[in-house]
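The two complexes that follow have chain A in common; it is paired with chain B in the first and with chain C in the second.
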Partner chain A sequence: MTPTGTGQSISPRSAKRRRRAKGGVATAMAVAILAVIVGVALLAPVLAPYDPYEVDLSAALQPPGSAHLLGTDMQGRDLLSRIMYGTRLTLLTSLTALVSGSVVGALLGLAAVFFPSSDAVIGRLLDILLSFPAILFGLALGASLGPGLLPVTIALSIATVPEVGRIARAAGLTIARQEYMQSGRAIGLGKTTLFFKYLAWNCMPTIFVFLTLRFGFIILLGAGLNFLGLGAAPPAAELGVLAAEGRNVLAFAPHVATYPSLTIFLLVLSLNVLGDVLRDKLDKRLL
Partner chain B sequence: MLNVLLSRLFLSLPVLIGAIFFGFLLLRVVPGDPASLLAGQSASADVVARVRTEMGLDEPWILQFVHYFGQVTSGDLGRSIISNRPVLDELSEALGPTVELVLSALSLAVPLGITLGVIAAIYRGGMLDRAIMALAVAGISLPVFWVAYMLILILGVQWNLLPFTGRLGPIWTLEGLQGLALPALTAAFTLVGPIARISRTAVLETLYAEHVRLARAKGVPEHKVVVKHGLRNALLPIVTLVGLQIGHLLGGTVIIETIYAWPGVGRLVVGAIMNSDYATAQGGLLLMACIFVAVNLIVDLLYSTLDPRLS
Partner chain C sequence: MTLPLLAVDALAVTHHGADGSSVEIIGDVSFSIGAGETLGLVGESGSGKSLTALALMDLLGPNLAATGTILLRDRSLGSLRPRERRRLCGSELAMVFQDPMTALNPVYTVGDQIAEVLLTHRLASRRPARDRAVELLGQVGIPHPSQRVDAYPHQLSGGMRQRVVIAIALAGDPSVLIADEPTTALDVTIQAQILDLLRELSAQRGMGTMLISHDLGAIAEVATQVMVLYAGRVVEHAPVDRLFAEAQHPYTIGLLSSLPKLGGREQRLSTIAGRVPLPGTVRTGCRFADRCPWALTRCRLEAPALTEIASGHRVACLRAPLLAPPSPGMAA
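Then we have the complex of A and B:
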């Protein structure tokens, strides 16, 4: 059970068809927003109108206008360019964490299914990891390694492991009962083939849908840790850091904090909407 | 009941020991010499040497852990290098404000979230349901700090209704309540979305259960079906799921405390990390881990009390 459960899997068919038709607009918008944000982030070096680190104190705290579309921060740096580069950094760290954490989590969860003797140990380990909130890992790593992008990325990755592990285990248990697993075993396929090609491969859709839902959470968590100062050091452009920089000028230059936060919100919102839609399509009660 | 309590307590012991071990490791994996880190940057060689013997850093690590474990369980968490006060004192001062913030946020968010979730479930597929669920998704997607910023800007700066300068007094005074209002509203705002979604799912699941169908079939009025047969049975999963999520949902209080300069545990830990005050950071993290274990335990117990079938 995730905090995002909507129970749509139990809707009767007619209601579901209705929702699917209405949900089309939302999905299209989510995909479009996501595509724009990711595209702009990827092309930041080409698209950014200014150098994101170029200080120009004479142009400090300008409101959004024609010279600077989204205005400037207190050191006169162009906010739009900083947000473009910031999105790049935010996406890079969260994606790295998501991929590494989910590989470890999926392997653990599937191993628990494939080698039943390991189930108790792995299950307990995942339970313990699950019982602590993800931000605790970020704080702990920040305390031990000192602030930086590496500890934040590791923390985000650790936060991904137990949830993905749990989902992979649940999905794996369903797959393991399928006849083709038995047949594969019966015709004498090697353990590696059985594990990766039969078990893991067929769990991929479920894990992938879950990751879409989880990605937004990881981005929020990462931005939060960066906001607290546990991540990228201040001159760096990262969305959480940018939002934190706007704090002191919130009352008279709210645009400095607003636009980076808005970018995070749109990014996470479109991922969540997309994740919900994909989950309804998958129509399994695992998520 | 006592049996349940004892067995749950027994089950959470390994987690607690694990948390202490993790806290122990925290200082051993830091780059550099833990003794000089604990003694502070300006400490002389003598002091560092004394700290090293005090910490027993020349002993084998198993002994070190046993030693550390003994210290922690007897309440000795070391001294803060910033304030030079015992970490335990600092933590016990910070605990009150955090509990204050958390409980007031929950008492705002839980009733509102459950109400919205139930309404959405009753009008499933309708305009109201879609509106509530859209708001819930938006709420889940908002960065906590932005919620805080917007509330500060609108309620604090623009309308000048509420202060946002930290804790102004104990909760039973007017100033105390005023100071608490914005941080608590921010925390509550982030909680309502997830709680509404959980409640909607839980109510929907009971509304399609056999006994509800039976109640409808024998002609029980619809509002009675929803409240007595649906909601009442749904409360159980709602309590559990909300409870189990609380630990995670409250991760946000660390950020909220930092923004509002709220003198709680989260702010203490973040400040300690920034100032390389390792003893305080370690103690604070340990306290947070204990809180989460305790919350899980309470939810577990609540669950078995609410559902006698389980105990």
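Then we have the complex of A and C:
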């Protein structure tokens, strides 16, 4: 290769900078979208232009316009307001399920590492949970408890446990091999300190990144269960329910199903992008 | 003679397999360490050096069990309940680990980790613990200790981290410090600094030290007595000067002659041919017989006992004392 002078050679540093800049734009957009969605959901009672449950049959199925920014549904309820409240409900159920499921999952996975004698039992338990599709759990719970948000949340929570459990166990096995676990024991630390401050805390980054990625999936799953009618029942405003309602009028009023679906899409996409970025950051630190 | 700080008698570690088999990995290890003394523990990889340390610290993994008596001052560690024994670890008996890169918890500041020892053993409350951490960091030669106390391990170099590991070990003011290859992971100039530090601390505090190393240079510099382990047995135990001047066991002689000599003319370093036998494979005779250039038929039949041939000098060799050691170059 002959030196051709200006601009031909790309130094590794500038390539790295470019890559970082590209990742930076995606990250910034993901964060911005998430912030907007979450912010709007939190402030729904303040921001929503209408009552999400106020029926006005004379204004049914209006296309997006100046009176109703995103139009209205079959019963003339303002779609924008319903999406705001719907996002609130969706985020609340998914987050509850994610937090409860991951705490249980992480504790199980780490306990399997910390108390090797329990590994076989916990491992099989996680395998059993993993072999049931979450949808099936949702269906079963919905059938026995009746449809509602509680069975959906429980189903989502149970779906989170084995996945997080496995990740926590894998992360824990790596950490348990580190010399500081032994040196912690050598300075006479108690089991509680060793478990939480040494093992669990060091596994947190891995688990947390996984949860970010998992959150999107849980939202999707929850919306799916609600779409199927196992969760929140109409007229409750929930993104999956909204999408299901719009399905019937898709041919002549596509906006009713499209906007809630779009919200789910943006939410899940930005969470996944964020999860990927976090994972890359973590890998870089570990390398 | 005053009471030694640490007296170990007939320490053995046995591996109990899941199939009911049991293999003795180290056996009949006895020694004592007095105040200010440093015992150097030497041997090849797999000779049982680290396992001896772990047995003392009660850190043996599952399937491993230790027997024998360990007296720390006048307390017998074997008779203590696990909780009481754990309480002694980190206070009376402390350990410095081999790899400073992984021996520190990466998510806590070094100050927190030192304070943790003090809090665990109720030696200080939170605020004085931090001051004490700064003080300890200063004692192990870390510059600007009042700033470094808030540093995370990854912000420090290898040598600094090993100093922190030593500070953590010293936090409980132990009477016996076990250092398991504390310099192996460090570069040569830092090695010398760490060894100097250990020697100073041991002298200052009247602490007994057990230094595990396969680096005979380090041992010669720091130790007051040296114990050579081979395949889980003590083969020679002597005061440091005597060991380096008048080694009696063929294995020790082999180790010493495999050291490069400054200004030596040999092109190749001498080696000891063969490798350490796996635990449980030698059933009769001397464990070193297969690699020993002096081995007799008798050596393969009769296990040599550790016998005292001079004051404080014990050797486990049927041919000891070897009157005229043959010239080095025992490797064929």
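Quick note on the criterion: the second predicted complex is superposed on the first by the 262 of 287 C-alpha atoms of A that agree within 3 Å, B and C clash if a C-alpha of one lies under 4 Å from a C-alpha of the other, contacts with A are read in each partner's own complex, and residues count from 1 in each chain.
Just so we're on the same page, a contact is a pair of C-beta atoms (placed from the backbone, for glycine too) under 8 Å apart; a residue touches a chain by one contact, two chains touch by 3 or more.
What you are looking at is a predicted structure, and each value in this text was computed from that prediction instead of being measured.
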Check whether A:Asp276 is in contact with chain B, with chain C, with both or with neither, and answer first, second, both or neither.
-> first
In the superposed arrangement, which partner chain does A:Ala257 touch: chain B (first), chain C (second), both, or neither?
-> first
For A:Phe196, decide between first (touching chain B), second (touching chain C), both and neither.
-> neither
First, second, both or neither for A:Gly188, with chain B first and chain C second | second
Check the contacts made with chain A and report whether chain B or chain C touches more of its residues.
-> B
With the two complexes superposed on chain A, say which partner A:Ala243 touches: chain B (first), chain C (second), both, or neither.
-> first
Touching A:Ser144, do we find chain B (first), chain C (second), both, or neither?
-> first
Considering only touches as defined above, state whether A:Tyr180 meets chain B (first), chain C (second), both or neither.
-> second
Across the two complexes, what residues of chain A are contacted by chain B and by chain C?
-> none
The chain A residues in contact with chain C across the complex are 116, 178-180, 182-190, 193, 197-198, 201-202, 204
In their shared complex, at which residues does chain A touch chain B?
-> 1, 3-7, 10-11, 15, 18-19, 22, 128, 131-136, 139-140, 142-147, 216, 220-221, 223-224, 227-230, 240, 243-244, 246-247, 250-251, 254, 257-258, 261-262, 264-265, 268-269, 271-273, 276
So, in the complex, the side of chain B touching chain A is made of residues 14-15, 18-19, 22, 26-27, 29-31, 121, 124-125, 130, 133, 137-138, 140-146, 149, 152-153, 157, 194, 197-198, 200-202, 204-205, 208, 241, 245, 247-252, 254-255, 258-259, 269-270, 272-274, 276, 278, 281-282, 285, 288-289, 292-293, 296
Of chain C, residues touching chain A in the complex = 57, 59, 62, 86-91, 94-95, 97-99, 102-108, 116-117, 120-121, 165, 168-169, 171-172
